[in-house]
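What follows is a set of structures to go through.
The following pair of complexes shares a single chain, subunit A, combined with subunit B in the former and subunit C in the latter.
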Partner chain A sequence: MSAPILSINDLQVTYHASDRQVFALQGATLKAGASETIGVVGESGSGKSTIARAALGLLPSGVAEITGGSIAINGRDVTGLRRRDWQPLRGKPIAMVFQDPLSFLNPVMRVDRQIGEAIRRHAPQRSTKDRVVDLLELVQLPASVARSYPHELSGGMRQRVLMAVALACEPSLLIADEPTTALDVTTQAEIVKLLRDIQRTLGVSVLLISHNLAVVAELCDQMYVMYAGRVVESGPADEILSHPGHPYTYGLMTAARSLRDADGRYATIAGDVPSLAERFVGCPFAARCPVAMEHCTQLAPPPTSVAGQANHVAACWHLVEGKGRDDHRDIAGAGARHEGVQA
Partner chain B sequence: MLRYGLRRLGWAVPTVIGIVAVGFVLTHILPGDPVQAMIGEFPAPEGYAEHIREKFGLDRPLPVQFWLFLTSLLRGDLGYSFAHNAPVTDIIFTRAGATLALMIPSLVLASVLGVVFGAIGARRAGSRSDVAVTAFTVSGQSVPVFWLAMMLILVFSVRLGLFPVTGMTSISAPESGFGRFTDFLRHLVLPMVTLTLAYMTVVARVARSAMIESLQEDYILTAEAKGLKNGEILRKHVLRNSLPPIITVIGFNFGYCLTGAVLTETVFGWPGIGSLFIQAVTNRDYPVIEGVFVLSAIAVVLVNLIVDLLYALINPKIRRAHAVA
Partner chain C sequence: MTTETLLELEHVTKAFKRRGTSEQVLAVDQVSLTVRAGESVALVGESGSGKSTLARIALGLELPDAGSVVLTGHELSTLRGKQLRSVRRRMQPIFQDAGASFNPRRSVRAAMFQGLRHLGSDDERQARAVDLLDRVGLRPGESFLHRLPHELSGGQRQRLAIARAIASDPVLIVADEPLSGADVSVRGQVMNLLVDLQKERGIAYLMITHDISLARSFADRVAVMHHGSVVEQGSTDDVLSEPKDDYTRLLVRAVPELNGPMPSRAYLT
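On to the complex of A and B.
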């Protein structure tokens, strides 16, 4: 089996501000193979976007530092690459669609030039004019958009233009960082449908980053749930949605369904997202977890398979203990081992 | 766009008249008497001063003088210089040619170099090259122009004998042809270097901060994610988005330079508008002073108009706003 396009292993990223540090990623593992749709779900500040930026070497220089783990593209380790060496890896094999479609397009450049320079960069010999029209057609925009400036387009159209820019690079993996967040609900649905169409027609892999569980559930085969800089659960999307292994995933699903409780209130996850100003010793969700046990705050739970599925993994002590004795897994030993990886 | 240009041009007329009026009043409330300056210390015959005053209309009330000045200005007549004994229009046109010959190359060079230095600094803010550029531009801005001019003369003309000390042409130079041109170039080098340094540092500082700001915009991330090279990103994405403040400061330089090179022209004995202005003030040569006011008012207004039109050309949003208006 060939190496995955993108393989992120136990990645740790720290942002340095003048007076404090933010441990944005505290051990995140993620893989994207060929022709896959992968979803990354989590609240704001869970480290979703940091993973996306790290995958293209676009972490703000001088502020962000990779303090552990590794990133590999097509089997090649790119963790410590300098900014200049990243440049040939960007766009192809991995391209990116950003969140806010207005600010991520150059305001003084016509659409055809912004798409054209991506085409020229990755296939200099091609005639860009026809290709621009083809790409606009692919994202279901009329050819007339080519001569427009970004401010003349609607939000949904701009998001399509950004997708055309990314596809112009002919990537094998398209990372879409919250591509529907800035749009209204109807347009969101159109963009999700378009992403699925593109994935099917071009066979390109899509890594969708979203806080919207419904969007991810609809589009993705594989799913990663992130919380406070860690992947807390991962596996096939339908598996996770039918048997969530982590209390946080369960909470997200309940909140997403907008189930009202007996008093008619919407279901929420109690408490706030924890500050990332320090590394967690135990489970980062313990403070908000309805079923937290005493040692949850002291020892990090190891990734454990859920419902007997080897590819569905969650990090929760309940899973460990539910089958821990069968596995002969010593709780303290597992915790110590996991901490050893982090240090 | 055309309508916008014409409307702006319409506003230029009252602006110029306003500047000229203020200049006229300021000139006439200056202490000193032009007739006395003309006659000098020599004993003059009885009634001679009065005769001159009458001849040049200096005995009339100030509003009448201003009215006469304005009406002849509309006919393209700037009056007659007491000191030069020649029509002001002729003097100013000759001098303006010399000033432009010095100014245009200096300003073009200053603008191009300023943007290049700004880009070097902005590319990696805080790096060693950025610190070097900043140190260079700050010291360039702090050094007085006249001191720099004199140091250049001292080193390159007096010690090394590479360039002439003052003037625009040598008496010994050929009347015409290539020899005359190279003689002019040799005179041009030092004043041009002085002015280029003075104006470049301003452009470089503005360009640097504008580019640093543009580099932090989100669309730069898109450009990087496309895999574009750094140079390409700077040229195609950063530069154009940083142009408005850069064009403003370059435009300001152009408007200011026509009269603002007073010091440089004086030190190098360059026969331009700047040195003409200084002489005119010393001689209380009212028509020439006013002529220079008119010229610089027109220059500043024109440059502002061009800058505004360029804004619209750069920014499609402004363009559309004018098309609708």
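On to the complex of A and C.
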């Protein structure tokens, strides 16, 4: 079996600010093979964008430090690679599209030149004109867009142009960091559909980073749930959504549904998203977890298989011990009880 | 028993001039909308639909070109000075992005005092501010008084915005995307707080949101805006479960939702 396109193993990344440290990744493992759709779900500060940046060698130098773990691209270890050695790895095999296309498109350059530049960088000898039209067609934009400036386009169209630029490099893995967050729901639905079409047409792998569980559920086969700098659960998306193994995943699933219980209360997770100013010794979710046990804060739970599926793992002591089954009442109910809002 | 009408917008129209041209853009076109005491109304639409402009007009922050805004029986455009202020106090805003609606250099205490100017002394204001902070779950209230907005999390800032809004005992809160700064796992906390305050104080809400699922779970009635007009309004069930308008249908269908029943047991299956 050939090596995965991207393989991130127990990665630890620390940001050094003048007065404090942020432990942004505290042990994150992720793999992207050929022709896969992979979703990374997490809230703010979960480390999901840091993982994407690390995969492209885009961690801010002098500020971010990889303090442990490894990154490999097509089987080659790139963990300690210098900045200039990253250059040939960007765009191909891995390309990225960002949340805010305006800040990555040149405002005074027409679309065709911006796509053309990307084509030439990877295939200098080829004529770019036909290829630009092909790429625009691929992202379902009319050929006339080639002569437009970014400001003349809508948010959704700009996101498509950015995808065309990324695809010009013929990547085998396309990383999309919150590509739909700044867009309206109707446009968002179109972009998700486009990502799926592109994945199927080109056989490229797509790694979607999003805070929106429903968007990930719609597009992705594989899923990673991140919390406080760690991957707390990973596996096939439908497995995770039908048998969530981590109490955080379950809590996120109920919260994302915006449903109210019989008393009219919204499901929620007590407490707040943690700051990453500290390294967690135990489970990072323990402080908010409705079913936390005493040792959860002291010992980090190992990744453990869920529901007997070897490829579905979660890091929770309850899975390790497999006991106390009957103590676990509905987590949503427990969550509401613990919620610190009522008078 | 007839329920008291708090806010009544009638045929409200507002045009803006497109920058650098004489072209007019109709941001709000002949919109009529009412909010009654104690109810929750959701104004749903995408960016550019005119929903935020309409909210600003309802709050009296923007004057309509045509049409009327009547708040607790008073036509806003006929009021001036002290009278206008005292009527407007009954309606409080919670703005999108709670972080940006606070002065970054002024403490939580200063932000709360703004809403408590009607009280006699600083001691009274301080005591009331602490009560309100406690009430919204920023506990203990004292410990938050001297913090700056950036020292709070997104969810905490949202609570602070709510505490400031309820400081003047409003009958109506106009909330523009109240969850925009809050993470998914804490959204329910903010919503439960709004629901509880409604029960306790009978506050009515006009919630401006792009989030259909939220509108569905929260509102008694929904109005859908598109290109400046309300294309459909009615009870939440009617509008969102059996939309009659094409745009509403498109909007409802576009929302990605988690399908299937919620697993009853979290894990250990």
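Following the convention adopted for this analysis, the second predicted complex is superposed on the first by the 322 of 343 C-alpha atoms of A that agree within 3 Å, B and C clash if a C-alpha of one lies under 4 Å from a C-alpha of the other, contacts with A are read in each partner's own complex, and residues count from 1 in each chain.
The criterion applied here is as follows: a residue touches a chain if its C-beta (ideal position, glycine included) is under 8 Å from a C-beta of that chain, and two chains touch if they have at least 3 such contacts.
Everything numeric here is computed off the predicted structure, so don't read it as measured data.
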(message) Once chain A of both complexes is superposed, is A:Cys316 in touch with subunit B (first), subunit C (second), both, or neither?
(response) second
(message) Output check: A:Met163 vs subunit B and subunit C. Expected answer is one of first, second, both, neither. What do you get?
(response) neither
(request) Considering only the touch criterion stated at the top, classify A:Ala189 as touching first (subunit B), second (subunit C), both, or neither. (result) second
(request) Spot which of subunit B and subunit C makes contact with more residues of subunit A, would you? (result) C
(message) On the A-aligned overlay, A:Asn212 touches which partner chain: subunit B = first, subunit C = second, or both, or neither?
(response) second
(message) Once chain A of both complexes is superposed, is A:Val273 in touch with subunit B (first), subunit C (second), both, or neither?
(response) second
(request) Considering only touches as defined above, state whether A:Ile38 meets subunit B (first), subunit C (second), both or neither. (result) neither
(message) Taking the superposition on A as described, I'd like to know which of subunit B and subunit C A:Pro244 touches: first, second, both or neither.
(response) second
(message) Give the list of subunit A residues in touch with subunit B in this complex.
(response) 56, 58, 62, 84, 87-92, 95-96, 98, 100, 103-109, 114, 117-118, 121-122, 149, 151-152, 162, 165-166, 168-169
(message) Help me check something: in the complex, which residues belonging to subunit B touch subunit A?
(response) 126, 217-219, 221-230, 232, 236-237, 240-241, 314-317, 320
(message) Going by the contact rule set out above, which residues of subunit C touch subunit A in the complex?
(response) 46-47, 135-137, 139, 153-156, 183-189, 191-193, 195-196, 200, 210-214, 216-217, 250-251, 253-260, 262-269
(message) Applying the document's contact rule, which stretches of subunit A touch subunit C when the two form their complex?
(response) 43-44, 184-186, 188-189, 192, 211-215, 217-218, 241-248, 250-260, 264-270, 272-273, 288, 291, 306-307, 314, 316, 318-319, 322, 325, 328, 330-331, 339-343
